[in-house]
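Letters A, B and C mark the chains in the order given here, with residues in each chain numbered from 1 onward.
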């Protein structure tokens, strides 16, 4: 692994250089920028002209939008009269154009790995993963709503990133972690980091080891049926309004639905974000809905993240970014739900 | 000395406990404290001993009437979808209500979603609710860790700072322009009544936009809704939105596409607002719950303005008269009809 | 001439206008215009509805979304509704919808409302002429129109 020492000016030059040959995105900062998104809500094109600032805590938009776009075109077709290919489903050309996402935090980087578990054989997710380079920043400061360490992550972690920037004296240490990262840095004339800087970072990581699996282990030991029938769901079901805010801002919610859209004879089959909070999500063709009540839907989201997903794949399906904690209209706090679940006997 | 809202909270707890203990109501809909500064949790209390959790403060932005039909249903004895309604009166539910929320309950009664005799309204005069976003905007880049509420000020604390700000300056736009802060329906009065406010022009924001050109308004519309993530929090926080199947979920015909497309998002917001025409009380819940901070309330405010100007009706103010779109007058204005002499924009 | 040049070249462009006509008056009015051989522009595509009260905002917006350059909704004159009061209710709804669409910046003249009776063949032709002229002046619709091709690249 190569480690470079990089100043803020060098970082901005690098972003400028990258943006000449690829699309580079960074988090939108402030309301005005968020109102003019370039890629999904919350992301802006980075040109390197202005200094790159990464807000404390997770970016406004989660990184899943690059790998699991809203919407993803799966098929296209024509319904025009006289078109020889009328009614033929065609796969759209796979996007191969490289894109760089700059400024994600370790929580979002980890979500890329977690979503890769259910999507490991998904051609669309894999194609997007292939063409995206993640340049992240480890966290020196965190928000009061951050809880990545409880969920098995760490603020200084670099898992899931191609290049990880960490604060050092007068600039950053850039760790080049993958071949994709090396390719991006190729041809740049940069100073290798001093050993003292590298050890300082390693020491900081030792001080905050994170990656706590104690909660995960306790949760794994709980009986699913007891958790399912715990009284704690009643007040949550009462207060939840069943909007999809938590699922859409969540970096690890990956449920989708598929629909066809036709305008003036050209059609496409798209996959778009769905939410287990919506009654339609679980509605059967017969009219029966196994999760017909609010309580059942609210319960499903937390049980999926904290119990079903770990049983199937190992880790929690939550990275502790705290976006849902900040933005839930009725202040349902996953940290409180988790604490309550851990007390269920 | 306790603040006004602390006194109100105390009264709410006492009254709720009394109503539950006497068996007058089966549940009380109110608020409990939240896990973050400036947040509260809606809470349904079903046992007198849980009433201690209830509170009232200046951050109660979500409209509790939204929960009323569902809670009413939850306290009924369980029965199948085809079983007849049980004989005798059904259990009652008590609910906290300010001016706009009580008007929403009136609309719910007019639309037969709620039966008046099953609701006990605990009326609270509203002093205006604070917009969390406005406070956060004042402290951009600094995380707020605690906010203490005084009668006329807020004390905002974070790591390394403590500032006092005027409460009214960060009250939500809809509360600042509100003219009927006191509840219309009151079964149990909490605190002191608040008198109607005089507001020379409650539709100032709408007027400002109307004065612009069509191109400028289109520019405003497209940029305002560009950040929408289609989470439907605005729809689900609204006490008027109770359709079992929303028009966005119709697949055949598909009125609105469901992914992030500027046209689909715009259409969703126009239709959502339009469905609230003549029913919206400008409670501001939609705007308060939006995770992206979109000011979609301006659309319903525009409709409220037209309904008032053209038909002289404010939603929920007249429990005994029909809703504006379920009635008509023979001589309703119709300048918008192209064949009319002097045809043009309606209401000008 | 292919439909593509039809849409793109401004000089040859002819608007498509969707007309929702009530079965009892305006549709019959259009019929009368036809049998009486009153000339009117061939730009309208008629959708027959039982009553102007049947026309919901979903239909109007859906037509705009699908690329209609103009909309005309026409029903019986107030007082003449076959269902007694359908158009009175419609009138309130259309007034509010028209104003809301104007508010968000849809050009005035894109969405039009009229009353035409079964006996008013000439008036129907006149309404279509007025509406077509207005829409022609505005040019092809772009606002609230869904474009699929443009989306695929995103």
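The working rule: a residue touches a chain if its C-beta (ideal position, glycine included) is under 8 Å from a C-beta of that chain, and two chains touch if they have at least 3 such contacts.
As the structure is a prediction and not an experimental result, all values here were calculated from the model.
Undergrad: Going by the touch criterion at the top, tell me which pair is linked by more C-beta contacts: A-C or A-B.
TA: Higher contact count goes to A-B.
Undergrad: As a test of understanding: of all chains, whose mean C-alpha position lies farthest from that of chain B?
TA: C
Undergrad: Mean of the CA atoms for each chain, then the mean for all of them together: which chain is nearest?
TA: B
Undergrad: Once you find the CA centre of chain B and the CA centre of chain C, what distance in Å lies between them?
TA: So the centre of chain B lies 35 Å away from the centre of chain C.
Undergrad: Between chain A and chain C, what's the gap in Å when you average each chain's C-alpha atoms?
TA: It comes to 45 Å between the two C-alpha centres.
Undergrad: Need the CA-centroid distance for the pair chain A / chain B, whole Å please.
TA: The computed centroid separation for chain A versus chain B comes out at 32 Å.
Undergrad: Among the residues of chain B, which ones contact at least 2 other chains?
TA: 257, 261
Undergrad: If I count partner chains per residue in chain C, which residues reach a count of at least 2?
TA: Those would be 65, 146-147, 151.
Undergrad: On chain A, where are the residues touching two or more other chains?
TA: Each of 71, 261 in chain A touches at least two other chains.
Undergrad: Please output the residues of chain C touching chain B within their complex, sorted ascending.
TA: 57-58, 61-62, 65, 78-79, 85, 88-89, 91-108, 112-116, 123, 127, 130-131, 143-147, 151
Undergrad: Which positions of chain B touch chain C when the two form their complex?
TA: It comes out as residues 206, 209-210, 214-221, 247, 253, 255-257, 261, 263-264, 266-267, 270-271, 273-274, 277-278, 299, 302-303, 306-307, 310-311, 324-326, 328-330, 332-334, 336-339, 345-347.
Undergrad: Please name which positions on chain B make contact with chain A in the complex.
TA: Interface residues on the chain B side: 34-36, 39-44, 62, 66-67, 70-71, 137, 140-141, 143, 145, 223-224, 226-233, 235-237, 244-245, 249, 251, 254, 257-261, 288-289, 291-293.
Undergrad: Within their complex, state which residues of chain C touch chain A.
TA: 65-67, 146-149, 151-152, 154
Undergrad: Mind listing the chain A positions that touch chain B in their complex?
TA: By the definition above, chain A touches chain B via 30-31, 34-37, 40-42, 55-56, 70-71, 143-145, 235, 238-239, 241-245, 247-249, 257, 259, 261, 270, 272-273, 275, 278-280, 294, 325-327, 329-333, 335-336.
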